[in-house]
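Each of the next two complexes has subunit A plus one other chain: subunit B in the first, subunit C in the second.
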Partner chain A sequence: MNNILVITRKELRHYFNAPMAYVIMIAFLLINGWFFGSNLFLNNQASLRGYFGMAPLILLFVVPAFAMRLIAEEKKQGTLELLVTMPITDIEIIAGKFFGAVTFYAAILGLTLVYPIVVSSVGNLDWGPVIGGYLGLFFMGSGLIAVGLFASSLTDNQIVAFIVSFLLGFTLFLLGKMLSYAPTALVPLLSFIGFDSHFDNISKGIIDTRDLLYYFSLIFLMLFLGLQSLLNRKK
Partner chain B sequence: MIKVQKLNKFYGSFRALSDVSFEVKTGEIMGFLGPNGAGKTTTMKILAGYMPPSSGTAWINDLNIEEQSLSVRQNVGYLPEANPLYTDFTVEETLRYISEVRQIDKDAVAQAIDKVVRQCGLAGVYYKPIEQLSKGFRQRVGLAQALIHEPSILILDEPTVGLDPKQIIEIRELIKNIGASRTVLLSTHILQEVHAICDKVTIISGGRIVASDTPEGLQQKSEEQVLGSLYVKMAGTIREVESALKTVKGVTSVTKKDQEKKNINGYTVQIEKGADIRNDIFRLAKEKDLQLFELTPEKASLEDVFLELTK
Partner chain C sequence: MSKKAEPQILARVSSLAKSFNHVPAVKSISFEIKRGETFGLLGPNGAGKTTTINMLATYLRPDSGDALIDGKSVNTDELEVKKIIGFVPQEIALYSDLTARENLIFFGSIYSQSKTVIQERTDELLEFVGLKDETKKRVKQFSGGMKRRLNIAAGLMNRPVFLMMDEPTVGIDPQSRENIYELIGRIKEQGTTILYTSHYMEEVEKLCDTIAIMDHGTIIASGTLGELLKLKKKTHKVYRPSGLEELFIQLTGSHLRD
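Showing the complex of A and B:
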């Protein structure tokens, strides 16, 4: 556990040492801020629907942008050799990196809490969907981080990692959006694999174990694949 | 103690290591010598726990590198070939992070960092980011990270590569001091380095161990086996001396090497393996009334040994 924490702290230090993290943070806040603010007064409703409607799409770009470096950069700089020859297991490395990125993401997400605070100060905000929406974004973002970590483990090129991560995330996103075009028999399966239904449920404030299981399974699968990719050096 | 036994490594169908076996005793500094692509780095990566061998095994302080990999890694300080470091970290951040991942006791961290900073001469750059450091200082940071947990075994893959002559001398001096109390396996293709630092040399070529001895022992063997030539300086015309020398039994060729003054020349006399013709040459000079100024067996350098063994 201590080793995971050490790697988590190291990853956070990398994030906050580099200007890229601040650029990503500002971009995320600006874009989301625009979607949050632009419709708020038009609709004249104390709701964050605009923000929660667009945030998943923005995450598809933002998460790969900060997850792409997780392993690819270590491979490129050669520091992976130093890391894996420390008295630490490969599972701890993967877990530490994942939690580092999740903590960074949680910090970015935490900054957007200013939106509900602003709304609640000017209107009567229903906090149930807000908490659900944030939980949904947190789980979806964590799932995308796991996808990004796996993509990053496949290459030493961060751009390639970004593209692979984006394509995988976008596929999961699209699956839920294209159910009306899919054969009826496949609809339940595609609906389960896609992000959409799970995010919708949680953001409505409905915490269903099936949705949580979906996100945990996705994270576990992607981290497992990332671990296998890391272990590939031993073959 | 490092004990390597019949290590083999395949990359696909390419055999990078073939039955590599050697031993480094406690307190020894062993130079691992070989041309590029000989298998030095592969061997070191296996010993450091980066990857397993295809077959064969090794023990570090009686711990099996595969079965007790975590314990082995705790005992080893490893400086990889390209000295990879996190360039966005400062020296302080690097050493702090390494001490955490090396699980150094919290109360002992400050002392451990202080010790390696002094040992490696890093005080002046302690708060500087690695990306702003010269190659020499980066190498020192690489050594410091390998030393911070006071490992009994040090594996250093080409620790002086790319450094300027002054830095090379400093790093060698540092390794020598460190090596006084530790077992060190050091790879290099710089032969003077072996002479300057190592107690023992193992030469690897094409993934096979071709020789293992002390630097002096290897040189001695080479004088007996590798080279067979004498340097002879004699007075007389070149034709006269050459033809006279060629009459001596055991001489295979005579070539003029240098000239001291007119009609006093130095010659390289190649002789048959194992032959000792010094007395015959002395007698020849006396018989033919040729003044003999110098007669020296040509000594093989470690370079000659290396070139011969890695042919």
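Showing the complex of A and C:
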């Protein structure tokens, strides 16, 4: 447990020391701010529908951008070779990195809480869907971080890690959007694998165990694959 | 009551073998390293030195055979082995965005030591490697020699009984190399057993008590420098080598290795 915390803290220090993280953070806030602002001021609605509608798509780009370095950078600068000869297990490395990235993501997400605060000050805001929306974004982002960590474990090239992570995330995103084109027999399966239905349910405030199970399974599967990829060096 | 004597052999390598994609890199090698000695593994590129050291450092899993380090097996007691070894990899392995101090504190914290112990050890090592005045600089601003010295410090954070150094003088200027030789001499004086790989004859001659020459994944000769210089290779025209370099070329041939 101590080692997981050590890695988590190092990841957080790295994120907050690097200009790249601030660029990502500002880009996320600016793009989401645009969709939030246009809905609020152009449509004159006290809701966050515009923000929650676009945020999942933006996450597909933003999450791989900060997750791509998780393992790939360690491989590139040779620190993985040193780290794994110290009394730390590969599971602790994976878990520490995952929690570090999730904490960083939660901090970015936390900054957007200014949107509901602004809306609630100018109109009557229904907080149920807001809390649901944030939970949905948190789980979806965590799933994408796990995907990014797996992609990052495959290579020492961060650009390759970004592309693989984006493609995997985009596929999961697209599956839910393409259901009307899919054979009827496959619809339930594709709907379960895709992000869409799970995010929609949670963002409506419906906390269904199937949706939680989906996100936890996705995270577990991707972290497991990342671990196997890391252990592959020993062969 | 007298303290129980420690075994004289610190590392015992038995029939260690490793292949990559069915190509053997290390072919069933065996050797022993005495406590407190500096053991040099000398060989041309591709001889299997790095694969051997990576197996002893638990980075790679042997296909067969075992190595016991202070009685602990690299196959079955991996975490225990990791606690007592120090490793200085061939490539610089440091976080370039962190300072020298932050790097050492991070590596030290993996050994579950208290904050005070880590701080003290960090200060001690920064002074030891001559980087006491550079603690606020980020590693990316360091020269090659400074990075090498910090890399050695990282490998010493847990006061290892067995330090493995894989070609730690590659790519640095002669002054920095001399400085690293001096550091290794001081590490040795502290009683640390060292496994040192290199393809530079002069540093192995200068630093190592026992030398094993590796080629094509096997150990083709081993002993002290004096013992090695008495060797005559039966398959070659017999003549006594005048130095380690001459012996090395006699044993491994003069064709290029890439």
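In this section, the second predicted complex is superposed on the first by the 235 of 235 C-alpha atoms of A that agree within 3 Å, B and C clash if a C-alpha of one lies under 4 Å from a C-alpha of the other, contacts with A are read in each partner's own complex, and residues count from 1 in each chain.
Criterion: a residue touches a chain if its C-beta (ideal position, glycine included) is under 8 Å from a C-beta of that chain, and two chains touch if they have at least 3 such contacts.
Just so you know, these numbers come straight off a predicted model, no measurement behind them.
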Consider subunit A as the common anchor and indicate whether subunit B and subunit C clash or fit when overlaid. clash
With the two complexes superposed on chain A, say which partner A:84 touches: subunit B (first), subunit C (second), both, or neither. both
So, does A:17 touch the first partner subunit B, the second partner subunit C, both, or neither? both
Subunit A residues touched by both subunit B and subunit C? 2-3, 6, 10, 13-14, 17-18, 77-79, 81-82, 84-89, 233-234
Contacting residues of subunit C [partner subunit A, same complex]: 57-61, 79, 82-83, 85, 87, 89, 91-98, 102, 106-107, 109-112, 154-155, 158
Tell me, which parts of subunit B touch subunit A in their complex? 45, 48-52, 70-71, 73-74, 76, 78, 80, 82, 84-89, 93, 97-98, 100-103, 145
Please name which positions on subunit A make contact with subunit B in the complex. 2-3, 6-7, 9-10, 13-14, 17-18, 77-82, 84-89, 233-234
In the complex, subunit A touches subunit C at residues 2-3, 6, 10, 13-14, 17-18, 77-79, 81-89, 233-235
